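Okay, so chain A shows up in both of these, paired with chain B first and chain C after.
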Partner chain A sequence: MAKEIEKAGIPVALISALYSLALTTGSSRVVRGTRIEHVCGNPRLSPEKDRELGMRIIGTAFKALQTEVTGPTLFDPEVEMLGVLA
Partner chain B sequence: MKLELGNFPVNDVSFGPATRYSGGALQINKRQLEQAILKDSRLSSAEIQLAKPGESCRITKIHDALQPMVKVSGPGTVYPGVCGRPVVTVGTGRTHRLTGVTVMELAEMPMYEGYDSPVEDFVDMSGPAADLSPFSETTNIGLRLVPDPGLSILDQNEATHSAALWVSDTLAGLVRDLEPPDTEVFELPPCDPALPRTVYIQCMRSSEHYSNQVYAFWTAIYGLTRLTPPWLLHPNELLDGAVSAGSPYHGPAATSWVYANNPVVMDMYRRHGKEIAFAGVITIRTRWSAQFEKDITSTQAAKLAQMQGAKGAVITWDAGGNDFMETIRTVQACEKLGIKTVFLTGEESPESGGPPLLEPLPEADAIVSTGFGGHANRSMQTLEEVEKIVGFETIAENIMLPKEQVTARRGVQYFRGRDIYGFSKISAFDF
Partner chain C sequence: MPQTYKVVSFVNQFFAGVGGEERANHSVQVKPGALGSARGLQQHLGSAATIVATVYGGDNFMNEEKEEASAAVAAALKAYKPDVVIAGPAFNAGRYGLACAEVCRIAREMGIPAVTAMFPENPGALTYRKETLVVPSTESPTGMPAAQRALARLALKLARKEELGSAEAEGYLPRGARKIGLREVPAAERAVSMLLKKMAGTPFATELPIEMPEVVVPAKPTGAMSKVKLALVTSGGLVPKGNPDRLPGGPANVWFSYPIGGLTSMTPDRWESIHVGFYTNIVNQNPNYVIPLNLVRELEDRGVIGGVYDRYLTTSGRGTPVGVAKRIGAEMAAELKANNVDACLLVAT
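After this line comes the complex of A and B, so read on.
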């Protein structure tokens, strides 16, 4: 799906818990998600920390959309958003 | 670990006034066994039905197919850990088996509350789909069971599986004290060090992810169906049923009988000391829901193989979807440690429009394909009407819509039935 949308000229950031699969199947911008059951967060954290994690992941996705890539690239929220939501 | 298997062939099964085994003929007192099963108040009905090779017969709603067997000596019971059985390590001493028969647990309820747990697999005893399952060549003693619908799904499964185990124990018990016509000794003595040490890595889906329960019924290792780290098992443990019960979503190949008669294990065992040194069985669970968990599973499995001194590994899996990731990563991890792999797998049918394998990693360079399963041949898409049904009269028209049931007698689609371990006789040519 991501590849088809990109073929239409719209960049796609794919947030996936199984990011290695997303990379090997050729998605250009892959954002590391948490788990299949909860990709953009972690319900085991407190509500505030869960939201902060979600914002970090979504923020990384927006950053990925604005980044030129030459092939399948992994964007890791822990790395990309370091210090942004301190 | 040394195990003697005493095999008692069954060439005829019939209903009669007594339950006994004599000279290859198994007689069953149908009413007596049914009434004994119904002493368990969790079951509201129980009926024994026979399905024989060559009959125009379809067996439906197969939760599990058991290899009837009983321990004669040595610790533990067969099928350890399930339904409260002891978890003592098995695989030594002596076990007697009735060969050529299975005990099949047939029931309509799903394995657990969850979308991928309906029991809509079936077996044809003749016709084009017969070759897709080993059960077209065994006489199948079907237990058509209806548990109390007021019980939880977990309790219903516990009731039906306990009943099937009891029937299997009872029938195998008939030959416990007899002298087997045929005995095979299974052990792995030290052999020529020049022979390549080879492990078998069996990847098995866990029901934990979809069921959200650690105790949901599914393929069990010593009774555990939950996600667990890799196990190092002696093949004798598989022969005594340490891996048991089914994942019927993926066809009748995933049943206790198959794990206890796994052709990959039997073949590797019989080549020990001749072509290979069989260095053990590593069993991993698949369908972990985070990338790092899948990675741990595969790297640790490869490490166990390395610690066993393996130079080669045969790898199988029993599921679909993202379970493939643990499996293919185990192939990759082994190759990276210098362990040569052979991956035995079905492949996606070309009609799906996708690649044959979900994630073809470059390290997987030696693959034996068992075909597309039930979609192997367009002529199998709709199967013919049968005269007899063992089990239940309806089946899901489409496994993704299990609530839409149609008559099982008439043409049904063979939508499942991937040949996981290489039982089928179907070959293919690639042009």
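After this line comes the complex of A and C, so read on.
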């Protein structure tokens, strides 16, 4: 799906916990999500930490959308976002 | 007296008889003997081999806690020293197939031959495709007896260290490896014969099937996010509560878009996930985990992004064939383009 949307010229940040699968199948911009059951956050954290984590993931997705890539590329929130979006 | 070979079988939480999706986070456990569906496998192995242990792990655990899972599997194989490892059959269960491919890899690295079975479209068949021995199975577990019979046959061959014939002859998925051999007819004649058949529209068997995931040129990046109109898309099967349009839980060959204009968050009173491929309890309590509207609205208010498309797009990605996913993606792209969307977050479960 992501690849078809990309073909139409719309960059897609694919957020998935199964990021290596997303890369293998050729999605261009892959953002590592937390878990299958809660991709954009973690309910086991406090509400503030959950929100922070979600923002980190979204922020990483935005970074991915603004990055020129030549092939399947992983953007890992733990690596990319160090206090950029609070 | 013929040797009885030792087999270790790997299954997921469901086929171990531990539970369904709600137990998908189950850590790796090892039990002596054949557990759950492995009992059927033992019947096909007969007296030629004994399943000395069944290793099982939850579908989520095997994929999300890979290091821990791999270490546990390796420890079990070290303890039991099997002659061959059998993983699955995973049918079209994606996470299970991925786990089976990993288990086979771990066995291989320890010098233990391994074989697995799954539906050819299972993502597990894509990973390590050059190295993993995969028996093609049906999509659903109705094909269990046939798959286990094939697994048993190949496993015994591996245990006996017999050389395997071609993929076609032995009934496993081609791995793209080339073996030197002699064909009866020269290549030029075979090629012309194939071409004549192709031109006449009669069926022919290719000698070299090309099946790689499609390579797509990445879309150009966006400019500043403050000018970007962002759309939210998910394959997590999120729908209005009650699923008014009856989106199938998976596989789905349709998709829908629903209005979110004026909403600042995805709340459990209005939305639910009907996806049958993961435990949806957490998403149903907080749908923002798959359509992160609450966060995106905050960013929109702060001017970090230019705007949010006033509908979100949804389908269920469980077991969706690649061809169908392509069509759905193309149709979604048309709606996004028609509404001047600049970029997209696609949350997959």
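Keep this in mind: the second predicted complex is superposed on the first by the 84 of 86 C-alpha atoms of A that agree within 3 Å, B and C clash if a C-alpha of one lies under 4 Å from a C-alpha of the other, contacts with A are read in each partner's own complex, and residues count from 1 in each chain.
Here is the rule we go by: a contact is a pair of C-beta atoms (placed from the backbone, for glycine too) under 8 Å apart; a residue touches a chain by one contact, two chains touch by 3 or more.
Everything quoted here is computed from the prediction, not taken from an experiment.
> Determine, for the superposed model, which of the two partners chain B and chain C contacts more residues of chain A.
C
> Is A:5 touching the first partner chain B, the second partner chain C, both, or neither of them?
It touches chain C, and chain B stays clear.
> Thinking of the overlay built on chain A, is A:68 touched by chain B (first), by chain C (second), by both, or by neither?
second
> Which partner does A:54 reach: the first (chain B), the second (chain C), both, or neither?
Only chain C is touched by A:54; chain B is not.
> Determine, under the contact definition given at the top, whether A:36 touches first (chain B), second (chain C), both, or neither.
Touch partners of A:36: chain B and chain C.
> State which residues of chain A lie in both footprints, the one left by chain B and the one left by chain C.
Touching chain B in the first complex and chain C in the second, residues 17-18, 20-21, 24-25, 35-37 of chain A appear in both lists.
> Touching residues of chain A toward chain C in the complex: what are they?
Those residues of chain A that touch chain C are 1-18, 20-22, 24-26, 28-29, 33, 35-41, 43, 51, 54-55, 57-58, 61-62, 65-71, 85.
> Flag every residue of chain A that touches chain B in the complex, lowest number first.
Chain A reaches chain B through residues 17-21, 24-25, 32, 34-37.
> Which positions of chain B touch chain A when the two form their complex?
Chain B residues touching chain A: 209, 289-291, 294, 322, 325, 358-359, 361.
> Inside the complex, what are the residues of chain C that reach chain A?
So the residues of chain C touching chain A come out as 24, 60, 63-64, 94-95, 98, 123, 126-127, 213-225, 228, 231, 233, 235-236, 278-283, 285-286, 288-290, 292, 294-296, 299, 304-305, 315, 317, 325-326, 328-330, 332-334, 336-337, 341-349.
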